[in-house]
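Each of the next two complexes has subunit A plus one more chain, namely subunit B in the first and subunit C in the second.
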Partner chain A sequence: MSRDKHQRRLLPAYLATGSGTAALPSTLDTLTALRASGRPLASYHTPVHRRVVELVTDGSLTAVEIAGYLSLPVSVCLMLAEQLVSDGLLNASVPTPDALAPSRAGRPSRQLMEEVLSGLQALRVA
Partner chain B sequence: MDSKPSVSPDPRPAYLPEREHQRVKILVAGPMGVGKTTAIKTLSQIPTLHTEEVMTDAAVGTDDLSLAGLRDKKTTTVGIDFGRLTLPGDRIVLYLHGTPGQRRFLPLWEGIAYGALGALVLADTRRLDESFEVMDLIEERGLPYAVAVNIFPDSPDYDLEIVRSKLDLHPDTPLVTCDAREMNSSLNALIELTAHSISSVGVGVGAS
Partner chain C sequence: MTSLSEPELALGAVTAVIAVVALLLALLCRKHVRRGRKMEAALKSSEARVLGMETAAKSAEARVQSAEAGRLGAESRADDAEARAGMFRDEVSHLVSVRLPALALHLISSHHPVPGLLHEDAAEPKDVELLDSVLALVSGIALKERRRVDAAARAALRGASQDSQALSYRLQTELDALQKEFTGSRSLTHKVLTADHLNEQNLRLIQRTAIVCGAWPGHVRKDTYVTEIVTGASSRLRGFERVKINSRLGATDVGIVGRAAEPVAVACTELMANALEHSRDDLAVDVSLVKTGNGSVCITVDDAGKGMTPEAVARGARLISAEQHEVMLTELGDPPSQGFAAIGRLVADHGFHVSIDNPSPYGGVRAVVTIPPNLLTSIDEEAAPPSVMAPLPVMAPRADIRPASAADDAPAADDAAGASRPRTPAPGTAAELPQRRRRVHAAPTGEVTAPTHRAPDPERSRDAWSDFQKGLESGQNGTDLEETQ
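Let's turn to the complex of A and B:
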């Protein structure tokens, strides 16, 4: 789900500082997986942007993991990631595509949960 | 709660599976010291990570502000530990988020609860009442949950039926004992939770 520059959207920075009842941002989720696209950084990118891009150059990590590795607050990491996705430096993939249906409110589908259940049971036996 | 400020910089991060997969969030909730981080460490296949989130004006209007000093506090730092568990086949990756149980962290809850499969509430029989607050927070969000009584060496003898009645649990809410240090025991609690989440599809979903 990479976007072009002209589609740039602002990330609501209040994700974690919270306006209580506000709808959650539909742009990036903490479990959005991010990976560097290979596009070079521009002069306006900061050293922190660079650290994010370098961390996911060889593989994908979720936004929350990037925050953990780089010791950034999750809300800040989401903001940085949103900028980098907009700029085309990161590619993003949503955590669970079928949870995007409005009726699901982001929740995993029954089918997905059943797969989780059988996966957990398989682990337990092992 | 662990006091380490952050994960040590590994030479190489634990990247996600290359093949296409879905990522599912599960909350591990409960009062401080109940074993959330222990359970996450037991279940996680990667070294657990730690994030800090800064909350400004903690829970204005929702907090009773009875805690000494909170009234003057403009920001609060909340630490959250999380781990990752990839299910066999690499098609599903579970994220286990340790979630603080106090209402003053309400602003964080909106984001943390969003999209979660459910919450595993850890309880300690020596201080069951401390679990009420987090159970309320979860119920308010319409999130399915299961309760796991974490067994501590000096826990008093308990009877799950008594625990159930003390916690005022709904008859359908799973209640299990668990040793957060044990993989199979912790997996079993997650299995109970997932089965419960499946059975509650269509019952409470969308009614938050």
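Let's turn to the complex of A and C:
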């Protein structure tokens, strides 16, 4: 947010969420993967909502990563994500590493299987 | 001798007697002559004395006359002096009972007139001077005392505000840290953000009061993006969601130099606060940023409220003009209009310009903050990217120019596609900055054809003129009928 720690903050984080919004129940974890659903933004969404949606349009990111990209506090980013999920603009999924993502056949990828294999071999050697 | 006869003797004796008598007579005569002469001289001298007395009498008479005249003159002078003293008394009592109270009112509010003397023409210049000097002295004393009291009040208020401001900044730091360090439940985040916003509103009020009382804005910023300043300004207000900021700066790197950043932010906050306050809760306040041709940046705040009365505009304009350096608390009214006073101080100190006397196209007030080029700078976006909370620039207003005829068809098709596209950026183009597109209504080039020369058609023109005439006649008949009815 602020470019310099010694400089007084100019843009408070509540600008991102909007002050009038009521608190939603905590449903997301900091590592929940988020991806845009493709639905259009409404007029009440702030520019930051738009930026979040833009960030996850091409692929999933976790809430922490989004916070990092946008220089926002993680707590605020979680709040934004929850607002967007409840508005149907983002899809949340259980955090899974990319490598674990099922391939087309619905099975783990070959690369993953090879890594598991090499790991097991390493264990046996030890 | 004896022989002398008796007659002879007698004769002699008679002669002697005569001689003696003659002598005596002669002597007597001489005496008389002398006395006569004496008497004559006496007569003469007495005559002269009479003359002298006459002149003396005359001069005495003249003296009497002059004395009389003197007495008369003195009497009239005494009357005159009496009259003048009476008039002066009247003037003094007029001064005490009418003019001084009027002056007291005039000092409170300058539209109360102070009446002049009772007898303006008859009064002596010295009296006029004397009486007026009383008024001048009284008003001088009153103004001096007022300034002293006002300065004391301002100093007290400034000290209290600055202490409170410092505490609020500390609270802000704590709340900011709280947001960054913890990811607790969402309701906690929500409460921390609400507390942050409340603190920010409080900070704005305190800062404004401090500035009105002669303090500086409280801290110096680094060079800051204009969009960030305007967005930050809106964040200090309740209902900031209603403030819609449109940046039409063209470039994203336009910044305000550090020393003017906070003052401009405070001025924008106050103008937006006015706009929010004077328009309904469901109406947006439009803020647009434009870079003008002469290199300055204009921040325009439009509201759709009721607008200000001409008196309020004049008063506000007087407060925000840079002429008035010292703001008196007594002149701010009740409730005190601190916003304009604070802006006035900042404008005087930092050299930007604010105007509020343009009507808004929405019927409310249009306030314009103009930042001259010497307070602008460009910021390295690589080193210090603008915050995601600042609005991205949209296209600057440009004249619609018909494109060159060769490239006419292709862009028109593009534009038609663009018009039907949803407002959200399509996937793939999302991360890029918004691209400037030609306006949609410039697209249908086929409809607007250039006027071509037509051959004159006598029948067409006759028809047109006869239509025109018919229309005119029917119109006139209609009004005639209405009038007769």
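Throughout what follows, the second predicted complex is superposed on the first by the 69 of 126 C-alpha atoms of A that agree within 3 Å, B and C clash if a C-alpha of one lies under 4 Å from a C-alpha of the other, contacts with A are read in each partner's own complex, and residues count from 1 in each chain.
In this section, contacts are C-beta pairs under 8 Å (C-beta built on N, C-alpha and C of every residue); 3 or more make two chains touch, one makes a residue touch a chain.
All figures in this text were calculated on a predicted structure; none of them were measured in a lab.
Visitor: Does subunit B (first) or subunit C (second) touch A:57, or do both, or does neither?
Guide: After superposing on A, A:57 lies in contact with subunit C but is clear of subunit B.
Visitor: Which partner does A:30 contact after superposing on A: first (subunit B), second (subunit C), both, neither?
Guide: Touch partners of A:30: subunit B and subunit C.
Visitor: Please work out whether A:116 is in contact with subunit B alone, subunit C alone, both, or neither, and reply first, second, both or neither.
Guide: First partner only, subunit B.
Visitor: In the superposed arrangement, which partner chain does A:82 touch: subunit B (first), subunit C (second), both, or neither?
Guide: After superposing on A, A:82 lies in contact with subunit C but is clear of subunit B.
Visitor: Output check: A:41 vs subunit B and subunit C. Expected answer is one of first, second, both, neither. What do you get?
Guide: So A:41 only meets subunit C here.
Visitor: Taking the superposition as given, does A:124 touch the first partner, subunit B, the second, subunit C, both, or neither?
Guide: first
Visitor: By the touch definition at the top of the document, which applies to A:68: first (subunit B), second (subunit C), both, or neither?
Guide: first
Visitor: Same subunit A residues contacting subunit B and subunit C, which ones?
Guide: 15-18, 20, 22, 24, 30, 55, 58, 71-75.
Visitor: How about subunit A: which of its residues touch subunit B in the complex?
Guide: Its residues touching subunit B are 15-18, 20, 22, 24, 29-31, 33, 55, 58-62, 64-65, 67-69, 71-75, 95-97, 99, 103-108, 110, 112-117, 119-124, 126.
Visitor: List the residues on subunit B that touch subunit A in their complex, please.
Guide: 5-7, 9-10, 12-13, 15-16, 18, 22-25, 49-56, 61-62, 80, 82, 84-85, 87-89, 91-92, 94-95, 106-108, 110-111, 114-117, 184, 187-188, 190-191, 194-195, 197-198, 201, 205-206, 208
Visitor: Would you tell me which residues of subunit A are touching subunit C in their complex?
Guide: By the definition above, subunit A touches subunit C via 1, 3-4, 7-26, 30, 36, 38, 40-41, 44, 46-48, 51, 53-55, 57-58, 70-76, 78-79, 82.
Visitor: Along subunit C, where are the residues that touch subunit A in the complex?
Guide: Those in contact with subunit A are residues 169, 172, 176, 179-180, 182-194, 196-197, 200, 219, 221-222, 224, 228-229, 231-232, 234-235, 238, 240-241, 265, 384, 387-392, 422-425, 427-428, 430-431.
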